[in-house]
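Okay, so here's the structure we're looking at.
Chain IDs A, B, C, D and E follow the sequence of writing; residue 1 opens each chain.
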Amino acid sequence: ADLRIGLQEDPDVLDPDQSRTFVGRIVYASLCDKLVDITPELVIVPQLASGWSWSDDGLELTMTLRDGVTFHDGTPFNAEAVIANVDRSQNMDESRRKSELSSITGAEAVDDLTVKFTLGAPDATLLAQLADRAGMMVSPTAASEAGVDFGLNPVCSGPFKFVERVQQDRIVLEKFAEYWNADSINFDKVLFLPIPDTTVRLANLRSGDLDMLERLAATDVTSVKEDGSLQMEQAVSLGYQGITVNVANTDRAANPLGENSAVRRALSLAIDRSVINQVVFEGAFAAGNQPFPPTSPWYNKDFPVPGRDIEAAKALLEEAGFPDGVTVEVQVPNNPVQMQLMQVVQAMAAEAGINIELLAKEFATLLSDQSAGAYTASQVGWSGRVDPDGNIHQFMTTDGGINDSHYSNAEVDGLLNSARVSNDMATRKKDYDAALAILQEDMPIIYLYHQAWIWALDEKVQGFVPYPDGMIRLEGVSLSE
Amino acid sequence: MSGDIILRAEGLKRSFVTRKPLFGPATVVQAVDGVDLSILKGETFAIVGESGCGKSTLARLLVRLIDPSEGSVWYDGADIAQLPPEALRALRSDLQFIFQDPFSSLNPQMTVGALIEEPLITHGIGDKDERRARVDDLLTRIGLTPAHADRYPHEFSGGQRQRVGIARALATGPKVIIGDEPVSALDVSIQAQVVNILEDLKEAFGLTLVVIAHDLAVIRHMADRVAVMYLGEIVEVAPAEGLFTAPRHPYTETLLAAIPIARVGPRRAKARIEGDLPNPTAPPPGCRFHTRCSHAQDRCKTERPTLRDLTGRQVACHFAETLDLTGLTGGDAARSPSARARFALYRAARAQEGGITASEKTDSSTKETLS
Amino acid sequence: MLAFLGRRILIAIPTIILISIFVFGMQKLLPGDPVLVMAGEDRNPEVMEFLREKYRLNDPIPVQYFTWIGNALQGDLGISLRTQQPVTELIGEKLPVTIQLAIMALIIALSIGIPAGVLSAYKKGTWVDWIANLVALSGLSIPNFWLGIMLILLVSVNLGWLPASGYRPLTDDPLQSILTMLMPAFVLGTGLAATLMRHTRSAMLGVLRSDYVRTARAKGLSEQVVLIKHALRNALVPIVTVTTLLFGELLAGAVLTEQIFTIPGFGKLIVDAVFNRDYAVVQGIVLCTGIAFIAMNILADAAYRVLSPRMKDA
Amino acid sequence: MNLNAPLLDVRDLSIQVAGVRPPLVDRISFSLRAGQTLCIVGESGCGKSLTSLALMGLLQTPPLSIAGGTAQFAGRDLLTMTRRELGQVRGDRMAMIFQEPMSSLNPSLKIGEQIAEAVRRHKGVSREAARARALEMLERVRIPAAAKRLDAYPHELSGGMRQRAMIAMALANDPELLIADEPTTALDVTIQAQILDLMRDLQAETGAAMILITHDLGVVAEMADQVAVMYAGRIVETGPVAQVFDDPQHPYTIGLMSSMPSLGARSDRLVTIPGVVPQAAAMPDGCRFSTRCPFRTPICDNVPPLTSLGNEHEVACFHAPLEQTPKLRVVGA
Amino acid sequence: MTDANATLAPRTPSRFWRKMRASKSASLGAVIVAFFVFIALAAPILPVPGPTETDWGAVRKAPSAAHLFGTDEIGRDVLSRMIWGAQASLLAGVVSVLIAVALGVPLGMLSGYLRGWTDAVISRFTEALLAAPFLILAIALAAFLGPSLSNAMIAIGLSAMPLFIRLARAQTMSVMTEDYVESARAIGLGHFSLIRKYILPNIFPPILVQSTLTIATAIIAEASLSFLGLGQQPPAPSWGSMLNVAKNFLEQAHWMAMWPGIAIFLVVLGFNLLGDGLRDALDPRDL
């Protein structure tokens, strides 16, 4: 049987080391196996690595590899292959995985099916990285042959192998017969069809041209639920959406919002997050005020999602020296949902005396303005990572790669840096809690909500398990007759 | 011939490409093929000839509405074929043109008043009121009323449109008017009015007229000199009287013989031309008329006659001196006694009315002079 | 005519170069950094710098242009920054789709617009005229996305007659391919039909009053022949102008319709490319559409000469 | 049907233009038998073309419209025919030569095609046969290099050649009734003579009737059986050609004829009819010529009926014959 | 002969107005356009809620007594937004067409009139404009000129210009072959007058048609531009952006698309009818 999956976008290049899009990862879930995987509960479990162990100092990670695995081109999967993959991720010029694996300083094959990674410093996030693109194993033969062009014809070891791709039309994968877990795979072919329009995507599902789709619009949830021939699955995502404020990125930060954390807090208080969730997302998403959703073990329960408090917001403004209110400019990506969101925020803020001027921008402009500091505040989000570090470190530390607000606080830097080297959950939690407490005060990012991944499926589709990372894992999925 | 030459053409030629095949030579019509002309100041010069022989083309060339393939046209000492556009435009107030097709040459979007006023505006003549008055005057002269000024060309009959074209040409008080069949669409009474106007103007301002017409009676009435064209060439140029009474070219004779007479009964002479009309894209060698000429001899088939001076006229025929050709004789003995009596009555009645008779040049419609 | 065409085609070459310079320059003026877009979630400065060097984004813009045009003249239009696919291949993939859609839409537009325009001019002032005008103007005002989605919901979801979206190559299965494209072509076509209808009507109104139409009637020709052969033919100049321009626009501008019906054509490609600052793709497509526009203009000019023989002499 | 019955019988035909009360063409009547030629002469703008267009069903409506009357053609009223029926008749049994040869030819179709299509439409012949017929017709109207001209566009022809193409088009189907609106004004006299011959030949062969509108009284004299003189939308005098020429009765007819330049030695000045035709709205209620008539008397405020003088000669003037009018004085203040 | 016939031959301007008034379509068109202009101007004094007033309890509610046209995706009154959006939409539609016509028609006429190298230059320029994607132009303008309705109108005007250039050029070339143009040259008419009096009136009808049609396109295009950061920014309403948003709620809230759709239709209809009337009134052959 074939499975047709509707995607919201057309993926970029299909090379795990070079790609950057979320939809790309959905395709990889069927195409490329990783060393480790996660459970829906975010526990790291074996995939190509059958087991692993840390040295006591956290500087060595030894992995045993699954036996009898081959890549789609027949190249055997073994320690050499893993080493070649790490090397590619770290050293290929075009690789976007460099920082994810920066802690690995050496890799050696202990034997054919055992590989040992040496780390420069303890890295709590490493396993989680290996559960994503950085841990995807591509065929070393194909990779060395194709070089940077690997993405045109990717060869991995996943349950399906690459057949063809027509940009903006389809990506076709077919079952890889020698897959180590071939028994749990019930499809001969998977077609990924990018259909950007949510209404049309759903219409395709209804007309039977699709079997399932990802990112159902929240506004369609009710109608799908009511439709007896469709089923729906959802999972709150690992990411967040919020307003990133420019606090020190060039002189554009010199405005009430950028200079004064009280104004930011006032803005946050002026917003009714649950109303946003209801109005814009029909209650399907989760309100939020931290980089992790309230359901996450890393969520700081001391700072629950605040209710709306206009009086408090006004008081804060007054205290900050703006009794007559302030005007702030917020740039917003030009997609209808984000625009709707921000108009709601705008209306709410106005009642507290914060006059928001919205500036719609197409994404590339928004991104470059944001990184160049040519903005006051920007409505952006983050798709989320398994490890909490991925949601906070690069945004909040002084040298963080995506710290576009140029927020800098030595204490936060210290807490976040120490949280990434400890392998002990409790220690890390303590660090994050402390950091989050400071961030609630400084508020360089005003968190608003956590998206939920919503899948709509034809009733024939059986066995689909929603994951908070939004991926579609096809093991055990089948079509009933 | 004495007098000042006002318009002179030298070796004028104009050809049209009618078909250009992908390969091979193009088909070319020599519409005007080497014409030399001198038009004297103040005269009325008529051009007659077979339809399609190049009269309109020649007329257009004379005012450079189209560019000649070869040759030059001199007006007032300047070769207008070489004149820069600005100077040419200024010249147009002196040199006016009446078009053959009265409808397609009038802008459908403009009222007749605006059309007639336009040359005045163009050449900066008069202020608004003066122009208006002049338009009204012109309309009256050509037998329309000032109230017609607000109507559009399509609301007029063929003859009325033709008169609008004439009024337009008269507007600037030009020195030379070239009329491409200016009166052929008019009924005889209007035609008479227009002819009278033109003659008055001629008299008063020394207007020079170049007229193309098919109605030989009108030509005989108006013209001082007549040029006869045949297939792009001039075959005879002569004073009107001489041409009509004693033609020297066989084609002229043929033309005269074909004039219809307003008398009941068959045509006077049945001197129809024989033979097919020659193909203008491949004109016959030698004398172009030889294929249809009853006097043709062998020499005519090979040797092309040129326009030669003959006492008082020019003829392009090898045998111009020797041929015995018949012209028109007699006036209008054609009319019946009772008709003549009625004409006399009519004239008398008009005279009594305080109007004008044919001999007193005070026709009410042309009383005022155009200036 | 051959000479005319030859001359025009020769002039087309500098035009295309001009267009490519123009578009290249404009693109480079755009805010937004392709490398930033490409870097995505991992903004490693070292990698970004490498990519800038690799795609010669650090060179002065003229140098970049000459590098591009130099390669282009050798048939290498570069690669897509987003997917690394060679642009020539990409164009080869999209061109048939786009052309098929454009032609189908145009056929629909012409076969609705022109008869409607003729009829409405002929019956000017009657209810036929009013209805034709109302329908045409609603065709113009109804947004393509609305019509598109409604059609999908009706025809595909409820009736199940046609596939909701997607594309089948013509070479795969011609019938299926045409069926799949029927709805998008219809959506595009109705919009254009309105424009064509209004132009046809206006031009016909002018021509119907001319003397030669009267002559044609005097010959006893049927109204149909009078309208089509005598009147319409002389009304075609503005129609041709508009049609050729619309066709050109169809090649590049059917974005929304392509998006809704998920047709992998130029429209979507170029929008994505612009948003991703994928300049090689943009350049490549502009080159293509530029050629199309020039071809259309040449075609129009040639058509004028046929339709109005006098224009040749002018 | 009686052989002597007229082929065309027009009764009281009136044509109006919207918004103007006095009709442009006012109750004109005439009839025509097969083989006969009726010449209509008259002041430019008097409604000759409108009359012929009305008969062809080609008036531009609106603003023009037929205000009354009948036109029986072979027993059927042309004015009440449906468009379809007219289409059957027009171009086949009845054809018209238009006055303006340039604008009446389709600028974007070749001459040959324009002639041939009329043949194809009515004779149902093949494309080649129709083209052959077109060629034959072009040759008959004496267009030089006819075979080449088949493929010429109208703008490539001289005025006279266009006129001849128009004629060829009208004659192509040997119509029973030919309406020729100034068919020869753009032609030189030799061609004119040939064309007139051609039309006469056709008449002789097919027994066609012809309405010939012309300004050229010479042509009238040569061609006409009957003459109708029109002034300002009315027929003021009608009769056999010899009668009208030799014994003109209406002051307008007389004025018209005396305006003609003679072919004799050059006279000094042409006689004219003074004044102009009144505008439609200012048209006098009675005799329409009265504003310009030297013989007018108060009685002319009434509409003069067309009265017979015998010999089928009819005239619409209270004073005819003029010799019997006692005083030829100007009347009124 | 001095008393002119008042019914048949009135002075030109009055004839124009008489025909405009007499024309059914022109009157209807004028009424429609006037209605919308009135609404656009009178928005502040009309008894409707503010266009940005939100009501979280009434998100996407169908038309009812409280909200005659229903509410939008964040609980604003659609009727009010329609009224307040009229101004931006009408401006976007009309001004950008004016820009396109004002630039395009002279260029096109020049191109068709002078031919030769002028034609070549203008035509090549047009082709370049046509080939350059609108999107790039819009983004560039948005970046350099910033968000404002007038900049959006410039962008739309520029992008619609080539069509007018081509139309004007083709029509000019066609008119240039008419005999009356030759007759104008024969009286020595200057280029300017020739273009103004002979060419312009005779190329007018298709330009008029295209203008009235482009108004629709322009109104809709304004919305996509506001999305790119050019033009009316949220929450200020315009019909185009209302339509754009409504796209995502076609199934849930069809009225959100319906009202702006109807309004655009009516405006376009109004302008087209007015255009028809104008065309007929300007055409002397039409009575």
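In the analysis below, a residue touches a chain if its C-beta (ideal position, glycine included) is under 8 Å from a C-beta of that chain, and two chains touch if they have at least 3 such contacts.
For reference, the UniProt names are B, D = Peptide/nickel transport system ATP-binding protein; C, E = Peptide/nickel transport system permease protein.
Everything numeric in this text was worked out from a predicted model, so none of it was measured.
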> Looking at the contacts, which chains touch chain A and chain C alike?
Replying inline: E
> Which neighbours do chain D and chain E have in common?
Replying inline: B, C
>> Quick check on the contact graph: shortest path length from chain A to chain B, in steps?
In response: 2
> So which has more C-beta pairs touching, B-D or C-E?
Replying inline: B-D
> chain A to chain D: how many Å between their CA centres?
Replying inline: 90
>> Centroid of chain C to centroid of chain D, CA atoms only: how many Å?
In response: 54
> Distance from the CA centroid of chain B to that of chain E, rounded to the nearest Å?
Replying inline: 51
>> For chain A versus chain E, what separation do you get between their C-alpha means, in angstrom?
In response: 45
> Where in chain E do residues touch two or more other chains at once?
Replying inline: 1, 3-5, 8-9, 139, 143, 177, 179, 247, 250-251, 283, 285
>> Going by the contact rule already set, what residues in chain A reach two or more other chains?
In response: 199, 362, 365
>> For chain D, give me the residues that contact two or more of the other chains.
In response: 100, 102-103, 155, 275-276, 278-279
> Along chain A, where are the residues that touch chain E in the complex?
Replying inline: 198-199, 217, 219-220, 223, 272, 275, 278-280, 334, 336-337, 339-340, 342-344, 346-347, 357-362, 365
> Within the complex, which stretch of chain D touches chain B?
Replying inline: 41-46, 48-49, 99-103, 142-145, 148, 151-152, 156-161, 163-164, 182, 185-194, 196-197, 215-222, 241-242, 245-249, 251, 254-279, 294-295, 322-323, 328-330
>> Quick check on the complex: what are the chain E residues that touch chain A?
In response: 52, 54, 56, 59, 73-75, 139, 142-143, 147, 226-229, 233-235, 244-245, 247-252
> Across the complex, what residues on chain E touch chain B?
Replying inline: 1-5, 8-12, 15, 178-180, 182-190, 193, 197-198, 201-202, 282-285
>> Please output the residues of chain C touching chain A within their complex, sorted ascending.
In response: 30-34, 36-44, 46-47, 50-51, 54, 80, 82-85, 90, 93-94, 145, 148-149, 152-153, 156-157, 160, 163-167, 259-262, 264, 268-269, 272, 275-277
